[in-house]
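Here subunit A shows up in two complexes: once beside subunit B, once beside subunit C.
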Partner chain A sequence: MSARPRHWIQSLLDSAPAALFAVVLIVFGLWSDRFLTVANLTQILNQSAATAIVATGMTFVLLTAGVDLSVGAVMFVGAGLAGKMALAGQPLALCLCVMAGVGLLIGALNALLITRLKLVAFIATLATLYIGRGTGRWITQTRAINLPDAFLALGSARWLGVPLPLWIAGLVILSAHLVLSNTPFGRQIYALGNNPEAARKAGLRTHQLLAAVYVICGFCAGLGGILALAQLGAVSPKFGELYEFDAITAAVLGGTSLFGGRGRVFPGTVLGAVLLKSIFNGLVIVQADPYLYPLITSGIVFLAVLLDSARQWIRAGS
Partner chain B sequence: MSPSTASTDLPASIREPVVEFVDIQKSFFGVPVLKGVSFRVEGGRILGLVGENGAGKSTLMNLLGGNLQPDAGELRVEGRRYAPRDPKDARASGIAFVHQELNLFSNLSLADNLFLSDFPLVEPRRARFPPPEAPGGQNRGHAPQRALESKSGWRRRLRLPWIDRQTLHARATELLQQVGLDYPPQTLVERLSTGERQLVEIAKALSADARVIILDEPTTSLSFRECERLFALMNRLRSRGLALIYISHALGDILRLCDDLVVLRDGEKVGGGTAVEFNHERLVSMMVGRQLSQLYPNRIQPSAGNSVRSDADGTDLNPPPAEPSTPVLEVRSVSRPGAVRDVSFSLAAGEVLGVAGLMGAGRSELARILFGLDPHASGEIRLLGRRLEGNPRQRIRRGIAFLTEDRRHEGLCLEASVAENMALVTLARHCRTPVRWLDSAGIGSAVRRMREAVRLSPTVLESQSVRTLSGGNQQKVVLGKWLLAEPRVLILDEPTRGIDVGAKFEIYQLIHHRADQGAGILLISSEIEELMGICDRILVMCQGAIAGEFQRPEFDRERILAVALHPSKQ
Partner chain C sequence: MSQLTRLRSCLPAAVLGLLLLLLGCDRPTGNGTSGANPPGPATSPGQVTTIGVAFESLMTEFWVAAFDKLKADCAARGITMLEAVADGDTARQFDQVKNFLNRGVDGVIIVPKDGKTVIPMIKACNAAGVPVVLYNRPADPTDARHTAVAPDNVAITKETVTYLVSLARKTGRKQKAMILMGDLSDVNAIGRRDGFEAAIQEAGDAVEVVSRVPTDWNQEKALAGLQSSLQAHPDIGLIFASSDFMFPSIKSVLSSLGRWKKHNEPGHVIVGGFDGDATAYQLLADGYVDATGVQDVYWEAEQALQVILDAKAGKAVPARIDDKGFAITQSNLKELEPRMWGAVVAKKK
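Let's look at the complex of A and B:
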């Protein structure tokens, strides 16, 4: 009458992202002496900030066995709107609020499509992805917008020696982690992802939970957009493109399951995001052929999903 | 144990009906399912609700549990009108539903599962101080909850939605102790066995301060010991004054456990009263509405040329002629570490061989090995003298069929139709060369022939999704699927689990019929009476090994059980 022991393969799979991270650090560290420097590591973290925030929101969605493809589009619309407003002389704070607001709004639209109209999350957010991209292009007229210096200052500002984007990312990650692990709402999200029918029977408000998850994801995408914009200083027509894949890859690499109900923001998703950016940073430093990048990206996505499936097999088998 | 003594030492208020059903009516798509059912459930008693599948038991309980609303009639809880809109309302009114398929979240801890919709939250002012009743857990678990509830409204609303882990774990530990589960509350549910999960479900009901607990077929996947544990718990809950509604097809358990009985048939209450007024035969005849002369069909012992029986349904399945008593399946020293140990037996053509044993004795594991789902480390399996190897697909071709214990997940494609499910295994035979185009007419006629043969209810449409069928009809579809393949060896794992008496009888007949046609039947069942009723020989497994063998004349419930429990005493 003792609980089943943990499968050793499962433990191995669970520590795979950390092991992979160590491998990446060692390999690039040996390859180039410019990789393992404080400046470069801070740089990596800084580059990871936006992805980590978007991936944090994505983790909420993935936990319910859903997906949100519209995050990159959210970033683009918000950035386009904020850029136009900034050029028109609106205050910085208002621009930032608009970006976060756009995230909430598109998140709410996703929630509406999924919970009210019962669209499959994949299709609903694919639709909002195109709506967002289209709207963004219309706002920017597909022209790049160079932003006032105030935006860039935001990206390079430091407080107590730590870049502001890291503070923001840290705050978002910490709140998300605490919400997921220690509030009823968080635990109910895990329950919903594990067994939606049982969640309904247990008297959980499944629709509200599901809606909240998409709104949170939209909001995080908005915040991520702010950081990315503050670091780039310009809105190009490709701004935010393929961010949805970075976010999903980061979350899944960090152990979040596409099948729902499993995963953590910290350390999981954060580690996934930093791992992803370390690889790209390392590739740049060792001056890898840029044409290799898509191959490497796809390799990582494949690896992430393979790990997730392997975990699922082990659970089903034991 | 007599009902009167059970209630006299309780306060008078508890003897009032806790739940009353008053002339409840409900229909689906114009088909009446409940036609004016009235009865009452009292505190401190266990009410057994019996009836065939489709008699309306589940609908009735779904009304009480807030999953459905009645068309007419009234539900009363403690004298007050009760009209739950959803399961949450029902919980708030103290009604807990332990469903047949468990509704736990395997990815969460025991504590999270128990308090999922009602987590204890940290008090804003006291957050820094340890709660007085903290880790000891000797106090009654409900005390802190009461204290929270008595707080004024604004403080409740001002509270952060922050789970008070200390209180949560203390209360979870307390609840787990009440149901006799000795696990730390952080344990993940996925590490528990089915029987243990059932107890968690009951702990969940207790956590909601339930006064009425509905148990829908709780024993179907429990081992003998787990059942005993559950029944002991139910008796404890009864003596605490709770009202329990117990739904089961295991009539022996019902008669042993319940104080009151209500018998439903075709949406009407056809009988009721205290359990002492009933016996097995009376209960069965009330349920089916006719005198069932026997529970198990008589079987003419297999002999050459006796492949067609008087009560056979006339369908000709073209049995492969096999000499009776020729072994169709030989198993020699098959072992798989952690599952089965050195299992040897042979199965003759026309023989129905039962496999008894407790849950976890290795019976299903053996079946999986025979069917090629799991590998075996050593030993040999022969079918008709030739080594049996390969994956299930290859073994099916050789003539093995396996009806698994989990028909909903492993036996059926629930959304697919009756016809699609039935034709699944034999699709390849209905392919037209050279492009392997499916011969739908051929499939259609095969399915029609088989639905007659398995006596699928005539109201069932072939295009109907099997999800909507009753358990008995679903099992007939699975059985029909395998019978279409005309197996030489038919392995059946708990084929009558959760199925009503009438359908059980028909499934027994089908098993005998197939055996008479020369197939060897390996029948795994946890109901010893069932094995004794229809088998020619019974193997008893214990801890992965065959611990005993009984020929028909030696069948004896006590002895079989004794071997299953303690193999050394044989």
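Let's look at the complex of A and C:
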């Protein structure tokens, strides 16, 4: 294939997530006049906040060609601990700090397993997923924990008319975007993902970089857990389940490569997270057949992976 | 790479692999004997010394209550209970059942993930001559011999929703209704959906269903689905959840809209569910929930164990034992509360 058509195809594939998002908005907007309202779009953003934060952390990991399957388990362990503490009368702020701390701790454990014990990221984080889920069940005794109303108040609070979860998600996304695009640390992550051997030879501290991305991912999972818990007001044994797949799908849909070295938190990953929630919201609003939901969701995951493979194939060809 | 270095690099993977394997293994408990002692064969024909109990998951209070009841009943009868939880993995559950059979159990009780994938497990038990009971989730039609002890989801849900509809009628206007469904591959979820639809059909023009949301038994999906439904239809006045564990999602959404009101307050949204768990009991007692379908978890557990005992004793056992259950409502709460397992659990807390 000559350079010009390849460039066009590359551009087309790169803009596919935005095009897909536009198609979703147009289709559901035409289908129901209740979809493209300010209230509904705000709600979609609000529903996307937790996923977007977790997916932001996942983007850091994916940029190094790694993966973190433990994010949902991090959310569950943190929520279980926070729930128990809240019921024991501990202050809300302390409960929230513990959730974020659990994220940092499990992120650090993943970093240790991957950088010191040289485990493959998939295996290491799969192990911490199982350990985390088991620990969460042990903490909660697989019983539902209904939290004090202060948690729900946090999830539904507004500042300057904008829901608090959106402020928090915005802050995290902005920080991550600035770190990745404007700091040496961010550039080093891209370099590591593009070619780990070259990065090492160039004198980058690859172990520290790898460790940092898993700690960041764990922390983001902890923050995402706080938002999800504040919106739900209860911890169930399924809390955080399959968040890892939503986060990976959102990041890849937004253009982050599973092969590392390419991707952006904004608009990429954020767009992917909002797209996922828009589809679920749209299906509910148009009263779609309930049996269509899993078909459409799995179709989106397939599309995300297909787009990434196609981008990689075109890039390899060039 | 030297042998030592190679060994060092493999060691963590081996340890973690072992850990993962252990997490998936079954473990024995029971009549005070050590879990490490493998059970022997039945001491005499007809006597039950060991049974295997394989749960698909322990993800809700209902399953935990059932599990605890089986454990307590086995201990009371001097039966060793081998436990296994498959965490939703049907292949793992099949392995666990085969493991039970290899260890010479006298009976197997299974909570399957669905009605289809359990059929090979039943056939394996049939081939080993071991009686098998499906707890709470029946199998799809099959010639494999087993007993299913399960709630009549359709009837209990229909009774519950009929009560909710009667409340809707009393408001004097046609109410918009919605259902939060479970996992559509779960026969219980399908039964509850069918019961809901049957009650709605009989309701005539008292209610109009404007939203049917599949939740995969996930609270967060229930939350998002409910938010979206109320966005499209802000005047929804009746919500049915296919399981009580979705009540926190309903509370969260209605609270944020200022519509989480007691049944005797203006603006109350009619809310009903299914299961009869501790949260449902509390919300009924507090007046926020109007009704819930109750399955008798303790009775079902007793029946499941009795079937194994009867089958081993050579008695005929039925293919199906129905838990008739009941709808507990604001009208009969005081009267039926002692029969609601969630009330028992709530009072123990």
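Note that in this section the second predicted complex is superposed on the first by the 311 of 318 C-alpha atoms of A that agree within 3 Å, B and C clash if a C-alpha of one lies under 4 Å from a C-alpha of the other, contacts with A are read in each partner's own complex, and residues count from 1 in each chain.
As a working rule, contacts are C-beta pairs under 8 Å (C-beta built on N, C-alpha and C of every residue); 3 or more make two chains touch, one makes a residue touch a chain.
These numbers were taken from a predicted model, which means no experiment stands behind them.
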{"item": "Combined model on subunit A: subunit C and subunit B, fit or clash", "value": "fit"}
{"item": "Angular separation of subunit B and subunit C about subunit A, which is computed from CA centres of the superposed model and rounded to the nearest 10 °", "value": "130"}
{"item": "Partner contacting more residues of subunit A (subunit B vs subunit C)", "value": "C"}
{"item": "Touched partner set for A:156, first subunit B, second subunit C, both or neither", "value": "second"}
{"item": "Partner chain in contact with A:84 - subunit B first, subunit C second, else both or neither", "value": "neither"}
{"item": "Subunit B versus subunit C as contact partner of A:202, first or second or both or neither", "value": "first"}
{"item": "Touching partner for A:185 - first (subunit B), second (subunit C), both, neither", "value": "first"}
{"item": "Which superposed partner A:194 touches (first subunit B, second subunit C, both, neither)", "value": "first"}
{"item": "Smallest separation of CA atoms, subunit C relative to subunit B, angstrom", "value": "10"}
{"item": "Subunit A - residues contacting subunit C, complex", "value": "32, 34, 37, 39-40, 43, 47, 113, 117-119, 123-124, 126-127, 130-131, 133-134, 137, 141-144, 146, 149, 152, 155-156, 228, 231-234, 236-239, 241, 277, 280-281, 284-285, 287, 290-291, 293-294"}
{"item": "Interface residues, subunit B side, partner subunit A - complex", "value": "67, 86-88, 91, 97, 99, 103-108, 112, 116-117, 119, 121, 161-163, 165, 182-183, 187, 190-192, 196"}
{"item": "Complex contact set, residues of subunit C against subunit A", "value": "9, 12-13, 16, 19-20, 23, 57-61, 63-64, 87, 181, 184, 210-214, 217-221, 223-225, 227-229, 231-232, 245, 248-249, 251-252, 255-256, 277-279"}
{"item": "Complex contacts: residues of subunit A adjacent to subunit B", "value": "1, 3-4, 182-185, 187-188, 190-191, 193-195, 197-204, 261-262, 315"}
